[in-house]
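Right after this note come the structures.
What follows is a pair of complexes built around chain A, which joins chain B in one and chain C in the other.
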Partner chain A sequence: MAESSLSPVVIVGTGVVGVVIAEQLLDAGIPVLMLEAGPRVSRAEIVENYRNLPLAAKGNPIECYPSRPWAPHPEPAGAGKGYLQLSGTDSYAQSYVRYAGGSTWHWAGTCWRLTPADMQLHSRYGVGRDWAFDYATLEPYYTRAEYQLGVCGPDDQALQWPPQRSKPYPMPALPFGPGEARFTEVVREKLGLNNIPTAQARNSGTSYDDRPACCGNNNCVPVCPIGAKYDGATALSRLEARGAVIRDNAVVWRIETNAQNRIEAVHYYDPQRQSHRVSGTLFIIACNGLETPKLLLMSADGRNPDGIANRSGQVGRNMMDHPQITMTVTLEEPYWAGVGPVVNSGIMETSQGDFRAEHAGAYFRFNNFARNRFVTFDALQKGLVGKALDEEIRRMTACTADIVLAHEILPDANNRLTLSDKKDGLGLPKPAIHYDVGDYVRRSLEVYSLPIANRIADAMGATHRVFSKQFNQSKHIMGGTIMGLDPANSVVDAECRTHDHPNLFLPGGGAMASTACGNSTLTMVALAFKAADAIVKQAQEA
Partner chain B sequence: MSTSRDLPAGHVHLSRRQVLLSGAAMVAGGLVSAALPRWAFADSSLHFIPFMQVSRLLVNHELDDAVGARMLALLQVDDPQLGQKLSQLLAIARSQQATVVEAFFPAIPAGPVQALAYRIIFGWYTGSLTATRSAKSVAFEQALTWRTTQDILTIPSYGISGPNQWQRANVPVLPVPQF
Partner chain C sequence: MLKLKQLALSLLLIGGAAQANDDALIKKGQYLAIASDCTACHTTEHGQPFAGGKAIDSPVGQIIATNITPSNTAGIGTYTEQQFADALRKGVRADGARLYPAMPYTAYATLTDEDVHALYAYFMSAVKPVDRVTEQTHLPFPLNLRVSLFFWNALFLKAPGYTPDATKSEAWNRGRYLVDGATHCSTCHTPRGMLMQEKPREAFTGAQVGAWYAPNITANATSGIGEWSQDDLVTYLKTGRLAGKAQAAGSMAEAITHSFQYLSEDDLAAIAEYMRSIGDSSAPASGSSRFQQGNAANSTAFRGAPLTFPDDHAGARLYSGNCASCHGTLAQGTKDAFYPSLFHNSATGAANPSNLIATILFGVQRHTAEGDVYMPPFGAQPSALNHLDDRQIATLSNWILHNYGNADVTVSPEQVAESRRGGPASSLVMFAQAGIAAGALLLAVLIIVVWRRRRR
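Now for the complex of A and B:
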């Protein structure tokens, strides 16, 4: 079914990257059409989904976001079960949602920046890749991202990560709960480590962006019940009020090129598998670091036999994340994780150093989720009743904690997304991902992060410690459309414009050339701002 | 409105009037999930009073009738001998002249009756009857695990304080708050 778009710019995806770019275009007076594979839902629906889950399911954020049959995302049951076809030494078991607003629905809101060194791994340490530009180039875009999302953070430069900043955070840091305060105290006094306030897209002490102040509901993941945390969905109505057209349940399955190898149109299926064609002059594909390369590969044509934007062969390669190990400690004294936001502090200094020539850095995080849901089943299994049961649940809630060891990883072409021969509900190929965290990460665990974690456990007075048995994913999907200056070994340029198609942009985590250790979203948004400037300029010239 | 609290814990034999009253209380209070089949309600209501009596003997806290009605409906589906086992538990408690769980739990013999006792306790503390992602949820806010920590932790998704007002001293593990 042909459909001529009234908008010169078509954005595929309504997550944080798509909505930030849409807003920049609207600011410049350029109309936009946004296509979203999944449904548009209310916050109340997700909150009720969460509250109605059994206790055993509350730990998986995706349980609140059931896939629609036409837009599956990874989930333990339903349309998304088995969606990711995984292979390799390690499991690239990601979670994300295909809903309007995207995966910031269930992010923690953490907004670490990269450091200057994080962007120059190859030139400084001889590993990985350098970025196409330096930190000074990215810094103004970080600032715009922080003001757009509403990021709170400390005023004290000694507590900022990194301290190279051109403007203060728009809001002050959130206070620590008692567990974080005690953790901060013991790692400083006993180990000399600095546990600093997390920069986070959560309103601190005041409203911001027409959203209320955080009230410590301790439910940022899977959903902030009051919208104090930024998520992409909070922007959708504002975009529409400004003239954006948002079409949900529209699964883009093909990118069409013309004789000049420019992008001419995208095609999407509606839930009834009727296909629609939308033309335009500029196209932004921002539908997640995994779905974007999948769509590029699915769209292979005679001019682009290996997929759109894939002359380099790098589309779908270099899939990255922050491989993490969780250390669960049992403590003699109560820490009481679970007061305030779920992620509110971290030890970042351990991510930096000349050791990066040999192994990955790591960031250590005291998880601040209320621990009832993690300990209640174990307490009940002890066969206790009455007062003894009450006391055991309370003791285990107060005196246990999770410390997360999050590692950086290097881009590796063998960590690769391809198209599976298995099909989803619309008959589209499921993504297949082969993954191995690599020796750089494993060596870090052996000689660096695990020893530090053990010292942290000792400092906390741990009487028992348990480590996860394998690397788990942090759900920070990066690398699949990697950025670089050389079209022979990268997919997009410094503006996230594809080397192969001058009117196609792929902003977001896929462009990141290194991961560092901190969460990727703020960098994705900074890249979105940088791309948006180029897109606006290109649209105005057109 | 009559509730299960109107009856003494040791009262086992139900009159027709009491059975009708318990059913009326549940209907008036909207206690039964619309998702439950009609037969489940009709059958569960027969055991509602003894179920709540057993529950209050096993779990010595304020218990919500509505949660109890939902839990009972699920138990009834799984266990055709439920009424008999509830009677056995009440009889054991009565034989020990118990008013709290510590006073009679050791007298419950290992086996199906004890398993039911543990299951009922499990249900009240977790809000579901199994530790599986597909378990039916009968309670969230009323699940007693949250009550054990109510002096310091919010129930996730609810608030315990105002903006930036959650700094506080660590509280000791004991005593457990009253609930």
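Now for the complex of A and C:
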């Protein structure tokens, strides 16, 4: 079914990157059409989905976002079961949400920046790739991202990560809960490590952007029920009030090129598998680091036989994340994790150093998720009942903690997303990902991060410690449409514009040329702002 | 030479003393401007102070607040003190045109000459002039004829100034002076007659203000706030809330934010003393107040089915998905009452459900020294946490009323729709138009009769 162009600029994806770019375009007076594969649901519906779950399912944030058959995302059961076809030494088992508003629905809100060194791994340490620009170039965009999302963070420069900032955080840091406060004390006193407040997109002590203040109820994941944490969904109605058109349940399956190899249109399926064509002058694919390369590969045509934007052959390669190991410790004294936001502090300094020539850096995080949800099952297994059960749950809630060791990873062309021969509900190929965290990460665990973790456990007075058996994913999808100055080995340029198609932009985590150790969202949003400036300029010239 | 020096010195001293006098006068004027909450109407949300332009919803249409900065071209810069006093206390502009009583000049008429002088000094010398002309107010016929207010004023405007009641304490008189004058409490809390005039016999017994209801604030223990202590009233005016009883929203939240919280302890105590002396002759002899209604209650019978599942538990589901995260599963709120309980709460315990509906539709915003209070709206606003329709808000309101609040009250979707439109419209426009039509008809009949008689 053909459809006339509604808007000069078409944004595919309504996650944080898509909505930030849409807002910049609207600010410049440029109309926007947004296409979203998944449904548009109310916050109340997600909150109730969560409350209706059995306790055993509450620990998995994806459970209250059931996939629609036409827009599956990875989930343990339902339409998204088996959606990712995984192979390799390690498992690239990501989770993300194909809903209007995107995966920030269930993020923790963590907003670490990269450091200057994080962006120059190759020139400084001879590993990985350098970014197409330096930290000073990215810094103004980080600042805009922090003010757009409403990020709270410390005023004290010694506690800022990194300290190179042009403006203070829009809101002050949130206070530590008792577990974090004690953790901070013991690692400083016994190990000389600095556990610093997490910069986070959460309203601290005040309303911001017409959203209420956080009250520290530890409900951030899988959804903030009151919108005190930023998520992409909080922007959707505002964008519409400003004239944006948002079409949900519109699964883009093909990007169409013209004779000049510019993008001419995108095609989407509705839930009845009727196809619709939307033309435009500028196209932004903002479907996160997994769906974006999948769509590019699916759209291969005569002019682009290996997929759109893929003359370099790098589309879908260099798939990255933050491979993490969780250390669960049992403690003699009560720490009480769970007061305040779910992630509220971290040891970042361990991510930096000349050792990065040899192995990955790591970031250590005292997970502040309330523990009762997890420990109840262990208490039940002990066969306790009644008051004894209650007491054991209480003891374990207070006296256990998860410390997460999050590692950086290098871009590796063999860590690769391809199209599986398995099909989803609309008959579109499921993504297949081959993944190996690599020796750089494994060496870090062996000689660096695990020894530090053990020292942390000792400092905390752990009577028992258990490590996860394999590297788990942090759900920070990066690298699949990697950025670089050389079109021969990268997909997008410094503005996230594809080297191959001047009117196609792929902003977000896929462009990141290094991962560092901190969560990727703020960098994705900073890249969105940088791309938005270029898109506005290009739209105004057209 | 010595004389000259002495003269210069004494002039300097006089000048210095005059300067100090001016400063004190301006400070007093500023305090009175805060007490009078001029900014509530005359300053837009992110606009310059007193530059006007804000559209004030009234039951007869929108009235645009004017620029009251001392700008010679767009404001009141050319006003003499007498003209200023007449605008404030008589509702007459410098050009002789009448102000609409959306400007509470019937209350400000109470201000003494001395206080008007201080206000004049403040506005003329401490407010920054803004040369931006505000839009004109366009009310429907015949209310667009400002001359009609000449008659209205003749009927309803009292003589300027305040006459103390010698039988009462100094504080009581100060309280009455503030309540009747600067803080213009009756403007919202006193019911109005058919011509929009305040009904003095029903003073402070509660009135509809747009979508909100300014409740009964007489000292009657059943209908009003008689069970509040002196300290309770002061706490409420300072913070906009009284745990386990009430919280300010709508224009009262604005009054707390911009005005009451800045008043001196003595003035707040005086206001409280006066308010605690006001009776309500029409109140029932017994019964429970709006602060005593309801109890904590739980219902989890609905648990397990989706939010959108249509059955008898729709209200409980809406409550759980939209309200329980802050107000608790039992509607108990938080221990510190930052999130208030929904029982023992004026908004859910009153016989008039306007404030419950309006709170859901428009949320709560208040800024005090205690910090920032922000409850998101649930209407059609882009910032709404969830967009609830009229039927959903009626269902939710009834769930709240019947489980935690005044169980005798029921809300219909039509009531919600009316609140969404800004509250009930006044029939004054219709009456006035009908009245003029009837008058014209009568005139026509008379002319015909006279003309016929002459022909005879």
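Simple rule for what comes next: the second predicted complex is superposed on the first by the 541 of 542 C-alpha atoms of A that agree within 3 Å, B and C clash if a C-alpha of one lies under 4 Å from a C-alpha of the other, contacts with A are read in each partner's own complex, and residues count from 1 in each chain.
Methods note: a residue touches a chain if its C-beta (ideal position, glycine included) is under 8 Å from a C-beta of that chain, and two chains touch if they have at least 3 such contacts.
These numbers were taken from a predicted model, which means no experiment stands behind them.
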Applying the touch criterion given at the start, work out whether A:T376 contacts chain B, chain C, both or neither, answering first, second, both or neither.
-> first
Given the touch rule stated above, what does A:P334 touch, chain B (first), chain C (second), both, or neither?
-> first
Thinking of the overlay built on chain A, is A:T397 touched by chain B (first), by chain C (second), by both, or by neither?
-> first
Pick one for A:R43: touches chain B only (first), chain C only (second), both, or neither.
-> second
After lining up the shared chain so the two structures overlap, which partner does A:A241 touch, if you call chain B first and chain C second: first, second, both or neither?
-> second
In the superposed arrangement, does chain B or chain C reach more residues of chain A?
-> B
Should A:T206 be classified as contacting the first partner (chain B), the second (chain C), both, or neither?
-> both
Which superposed partner A:R51 touches (first chain B, second chain C, both, neither) | both
Which superposed partner A:P225 touches (first chain B, second chain C, both, neither) = both
Could you tell me which stretches of chain A are touched by chain B in one complex and by chain C in the other?
-> 47, 51-52, 205-206, 213, 215, 217, 219, 225-226
Report the residues of chain A in contact with chain B in the complex, numbered from low to high.
-> 47, 50-58, 60, 63, 76-77, 174-179, 181-182, 203-206, 213-219, 223, 225-226, 333-336, 338-340, 369-370, 372-373, 376-377, 380, 383, 385-387, 389-391, 393-395, 397-399
Inside the complex, what are the residues of chain B that reach chain A?
-> 58, 60, 100-102, 105, 118, 121-122, 125-128, 130-137, 140-141, 143, 145-146, 148-149, 152-154, 156-174, 176
Per the touch rule above, chain A residues touching chain C in the complex are 42-45, 47-49, 51-52, 205-207, 210-213, 215, 217, 219, 225-227, 237-238, 240-241
Chain C to chain A touching residues, read off their complex = 303-308, 317-318, 320-322, 325-326, 334, 338-339, 365, 371-372, 374-376, 381-387
